[in-house]
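Chain nomenclature is as follows: A, B, C and D, assigned in order of appearance, with residue numbering initiated at 1 for each chain independently.
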């Protein structure tokens, strides 16, 4: 039992370390899209404003994922191979965020790039929910984690909002962007539910 | 003994941390090959499909290496200088995966790039097997690790399949790619043998 | 209590690990701006001197942030969601340092880039102070941390100096740069105040 | 004492983690210099051979630094602000290795790039020796570390060889490169002296 516990802790520790590494790199390489202009005046910065705004939105989203991932894994006791792959699946979609961000920023929030950005967010949100469900199934319905995420209204609501936002990008890209900002605000605070159950 | 154990644990911990860092960076910088197109319509994404497919394949391969490396090191008790270099040797070949992926993706799976991709996978597979053998030699034939990997059929089979796939790239690149996908599927699940022996 | 302590330690550990990861990546990707020239003689290196100087200054600044962040978190006992976001806020401004560095270096310290560099340093300094205040509020006025940073003269002075330096960039960019170097020298040594209080 | 020890351990742990992060990034971003050629035949790879060779040499050098840094810090008990800066000083010179590698590789080992590569190696070697001396001074002449590195012949010899190699680059670049390879081979094995003293 002690050995088993030690093994599980290590496994979870390395899962966290690898996820943190990938998230830290994703969040940082996005800034490489902000290329220094050749001119040295204020006007040269203006074309970068959409890129900066899309960088800011993606920075917040990746911060939210890091925060929630961190809180979810705190309530987790052990992991297995399926968890490792569900986690990599989440990281795969998040790794496409810099590409979607760059396309959206460099095209000044045109319909297709804004729609693609929403699709990537949608797939990442589904991957997060899948990871959460797999972790709950592994720990049992009576576990701390299961009780903490029992009614994951926010996760489902986010997915519904992304599904609404993607077609709206072709009506008005800023409508879709407003929804992305709304979802980000909704998630801005870390998952208090887990903190509350842990505190008991 | 306690001191020795502590030293070995630290050493293994830093080996894991460094390997995780390098693997996380390799897996993430590959996405930099997916450059945002200048046009903002769906057609602009089509030329990126081969690059995305080759990225997906390499992401899965690096995920497999991270998973298996993780499982193998869990069964490991201590390391020495030879292990550190055998590990760096593996990381060297894996660090060439982004280059091979980019060449294959940007040339739409042409024969030479597909063959080179297979050569890099082959050399990484050999480096992994060398690392495994060195770790087994260090821990002895009666160790948990030695029993877990005693009949490493999958490792040898992968090497045989790569050796077959590389010349096949010149007959039909998609034949070689089918073999790469097959090997990836074969390794998709983490090494249950080690889990089984650890569970005893 | 033990569980709570364990949770807090883990949380702080992952906060440190993520911050270290982001800071390590920021400090390292800056060097990508130093592109290898096509010519192979000494003269080809001369145009890179301003880029190298701005890289050196930013390297020292990021080293200072890493050092001070490290010392501050050593005096910290626990963290919450607000702390995580205050920390991400600091990392956001620091993530813009490579962009500001590249713009300043490639334009040979022209007024606007030098001013922008100061603005980014100013916003990072404010973000650091906000993080410090949030941590102090969380730990209470009698905590080790609160006593250590009670009279944060250096933090306030840095902000004042940046506010002076930014407009000076338009009078003479080298005046502003001299102030940036002065602030860096002022912070060069780690925060002895915290070390002193911890030593008691 | 327990608290002090705990603080020192943490400090050393974070020093190792940050150094590992920076070294992992440096070692990995070098591979970005190996850009995928537009053509898909074997001839397209030939111009990359010098770049690949210089990458291999730098990979081995950074592996050596990681290994030796790792061994040195294992014998270390605690750190202070001076140590943190001596460590950042070492990382600064190592962070210039990708630039020197790219210049040397893309100019097919021309005299000036080969000489610059040697200068960067020389400055990194001096920085390593400075870090070692500072750690020894901190731990005292009777410490495990001090006894382990008491007669650091290899460190001094490396510096002498670099000093010889740099001017030789202008006589024949391959002479200088031969010396760089020689020094790498000399350091290839981890520092057995420290292992020997630790084993006692």
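By our rule, a contact is a pair of C-beta atoms (placed from the backbone, for glycine too) under 8 Å apart; a residue touches a chain by one contact, two chains touch by 3 or more.
Quick caveat: nothing in here was measured; it's all calculated off a predicted structure.
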item	value
From subunit B, the most remote chain by mean C-alpha position	C
Superposition of subunit B upon subunit D: rotation angle, C-alpha, nearest 5 degrees	90
Computed distance of Cα centres, subunit B from subunit A, in Å	26
Centroid spacing, where centroids are CA-atom means, of subunit B and subunit C in whole angstrom	36
Contacts with two or more other chains, residues of subunit B listed in rising order	17, 21, 25, 29, 32
Chain contact topology (line, ring, star, complete or other)	ring
Sites on subunit A touched by subunit C in the complex	16-17, 20-21, 23-25, 27-29, 31-32, 34-42, 44-45, 56, 59, 63, 66-67, 70, 74, 188-190, 192, 195, 198
Touch list for subunit C against partner subunit A, complex	7, 10-11, 14, 17-18, 21-22, 25-26, 29, 32-33, 80-81, 84-85, 88, 91-92, 95-96, 98-99, 102-103, 106-107, 110-113, 116
